[in-house]
Amino acid sequence: MELKHVLSSQQFSKEFLYDIFKRADEFREHPRETLKGKILAVLFYEPSTRTRLSFESAMLKLGGNIIGTENAREFSSVSKGESLKDTIRNVANYVDGIVIRHNIDGAALEASEVSRIPVINAGDGKGQHPTQALLDLYTIYREIGRLDNLNITIVGDLACGRTVRSLSYLLAKFEGTKINFISPSNLKVGDDIKNYLNKHQVQFKESENLEEVLPNSDVIYMTRIQKERMSAENYEKAKGKFIIDEKNLNLIPRASILMHPLPHLEEINLPIEIENQDKRVAYFRQSENGLYLRIALLDLLMNKNY
Amino acid sequence: MELKHVLSSQQFSKEFLYDIFKRADEFREHPRETLKGKILAVLFYEPSTRTRLSFESAMLKLGGNIIGTENAREFSSVSKGESLKDTIRNVANYVDGIVIRHNIDGAALEASEVSRIPVINAGDGKGQHPTQALLDLYTIYREIGRLDNLNITIVGDLACGRTVRSLSYLLAKFEGTKINFISPSNLKVGDDIKNYLNKHQVQFKESENLEEVLPNSDVIYMTRIQKERMSAENYEKAKGKFIIDEKNLNLIPRASILMHPLPHLEEINLPIEIENQDKRVAYFRQSENGLYLRIALLDLLMNKNY
Amino acid sequence: MELKHVLSSQQFSKEFLYDIFKRADEFREHPRETLKGKILAVLFYEPSTRTRLSFESAMLKLGGNIIGTENAREFSSVSKGESLKDTIRNVANYVDGIVIRHNIDGAALEASEVSRIPVINAGDGKGQHPTQALLDLYTIYREIGRLDNLNITIVGDLACGRTVRSLSYLLAKFEGTKINFISPSNLKVGDDIKNYLNKHQVQFKESENLEEVLPNSDVIYMTRIQKERMSAENYEKAKGKFIIDEKNLNLIPRASILMHPLPHLEEINLPIEIENQDKRVAYFRQSENGLYLRIALLDLLMNKNY
């Protein structure tokens, strides 16, 4: 597999997806330190401790090392007016790979254009978050056992969420995908995604009736209403409108799974005991899958010389 | 010794204390890399560079690795409203142990309730700071040579200080402990501690006369007036009231020691030459002891599989 | 070579300079992990991600480890009023070397006075930034092939820039050095530097005509107008006054080099293709040289026991 940078969910073929999931499984079974002596730079222009720690743990488990910043915007040369391209060209002198999280759409692509070492997009603006999309799909693959003929319900902030975009792009590659979009009326899925799905002949429905679709869903993918990306008015209108609790959890089939990219707020309202015991609750396994997915990805990109 | 989490000073038996001090001595004499391939997460919701660097250095000296954040409150999913329990359940997927410093009393206990890996409390609110208490006692043990029949003077902010609480709990376990509490009238030791000492038949006295007790103290434990935990008025009243300087230092017996959890302000007013030469000045050795104590503790908790 | 701390550019002899450059070349050719098991503390009281990542990468490539803070001022005990000397005495208990970046002139010297382990100044206030000066000279040595009889043009903010100071001190050690200082009239080079150069019989000229000196320069050293160190009025007067662009780049001889400590703003206005293809553009190689120079320096200081 030839892969230089990880920038967007669209770049992956079905073959790539099945292969990287197999590699993730292998690293889970047989940990190997394939990146000894290599260094990964982790540049976060926007806070995301979960994603950062996941990448850092993955790199350390591969025997490699990390340098970076959790607050690139305030502490880097950015505050002196340096361009992203210059920052990348400099950092690329010190390390073997770069993970970048940025507040501006397209930042990772811009970084990759001047980088002779691999760049991994860990989320840029409202744009892409491809490793989240990969770990989501990897979770479905591990838990449900297939990627074709899935009935998927995506719930919540479908207007601002990166997840819904990335996931839609990936799911469109597979046969017989059906998507239910459940969102407050002010946070409906964007036309770009709907056009994309139409073009790829993916069936989808929009509605505001969560309970109706739960019994027929293989995957229920909840997302957070992102207060930080909307007006206070829009937030109040959307908040708490769609919730999974003990009552409607039981509408979900036994073999189906409840996913969430985390962190979650009131949209999931389950006691810890249920979360621990009910096999349908998959979101903590989903986050753990992210670790192995990122291990496989870092190995694939960095276990060679540039 | 079975020990899963380190949450409070009360949890340690006398046997545990003597054993962990012996282990710390051994690591000092014979460094060993017992945690190769393991990862420690260091989550600081409140600044404390000294404590953080001490834990991180301890982990690295054991051959392990570190991930974490020095500003968990601002940069983590906390800012998106995630519960501490969810943060811990996630981070526990990536690492083999968690050190947590938090601004809220009881946070470490809450974290431990959902964690399958060891949680170490590195200070929570006005509550506990058990590794500070352990290193304090370890210092007394190394420097004075015994833990029974000690005459201890604790000076400064006894109302807000975590140290006085933890230390009182530990000292109460030993025979013949006598404590002098020296504090400004507005920062006296709390009733909970006094009740605890009474219940365990520990002799203690409260006074505002430092010079009087110095000649009979085996240990003088100074603490900082914590401006950040009180009103401006209370601070002005308390600040500078009890000071160790060149003059009253000489009231302290030759074989006794002057301790401080650091950082110190005007409550210790000694020239650097005196600090370097006078054997009674123990606070920099105390901080170094913390490193070996934490090495022993991390080894004890993490040198096994969960 | 006996060297304990790296504090200022004046401390280096010609012999030291040639020796450390040879060592840097050797580490570039033959990487070695000479600092396994050692820990470097990286204490930054002022943001400088580039310098920090360069030191951290250097330490990791030597097989060592890092602890530290990218925001020492806000997060350390400094916020509780601790003196720098106490911070250093504490941190020195945990590690084998300290890199310090500080906002106050002389901070590194102060730190070194109480440290039993090596202290490296990574920039203090308007004072010194000796490793930048070393990597600048190392770049000239590698690219031009000699350090004697050089004609050097230094351009930009010569009043506030640390670089011009450090570089002037080092260049004064070599035979036949000639310096052109090109600056806006409100940011001329200081009398202290001019006196130093006169005392060491170094020829220098001040002017505002960049184009005139380009054809006779072996090295053109551009610097940024440091908005953060001057009034808005002074900044507006100085900004954009001296620029290297595609047009005047061609006034520079083929065998000469264009340097910059980075980050750069409008004072260098060259398309990325020119930056990549024109051999005279040396500033990204310069930043890479910094990595090897710091590797050699850390090895020299820390590859022994204190």
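Letters A, B and C mark the chains as written, and numbering starts fresh at 1 in each.
FYI, a contact is a pair of C-beta atoms (placed from the backbone, for glycine too) under 8 Å apart; a residue touches a chain by one contact, two chains touch by 3 or more.
No experiment lies behind these values; they were computed from the predicted model shown.
Student: Given a C-alpha superposition of subunit A onto subunit B, how large is the rotation in degrees, taken in steps of 5?
Tutor: The C-alpha superposition of subunit A onto subunit B needs 120 degrees.
Student: Counting residue numbers used by both copies over all numbers at the interface, does the subunit B-subunit C contact come out same (over half shared) or different (under half)?
Tutor: Both copies touch with mostly different residues.
Student: Determine the centre-to-centre distance between subunit B and subunit C, using the mean Cα coordinates as centres, and give it in whole Å.
Tutor: 40
Student: Any chance you could list the residues of subunit C touching two or more other chains?
Tutor: 70-71
Student: Please give the residue numbers of subunit A that touch subunit C in the complex, ascending.
Tutor: Against subunit C, subunit A makes touches at 37, 39, 41, 65, 67-72, 74-77, 79-82, 85-87, 89-91, 93-95, 114.
Student: Using the touch rule from the top, collect the residues of subunit B that touch subunit C in their complex.
Tutor: Residue list for subunit B touching subunit C: 47-50, 53-54, 56-57, 60-61, 66, 70-71, 224, 227-228, 262-265, 272, 284, 287-288, 291.
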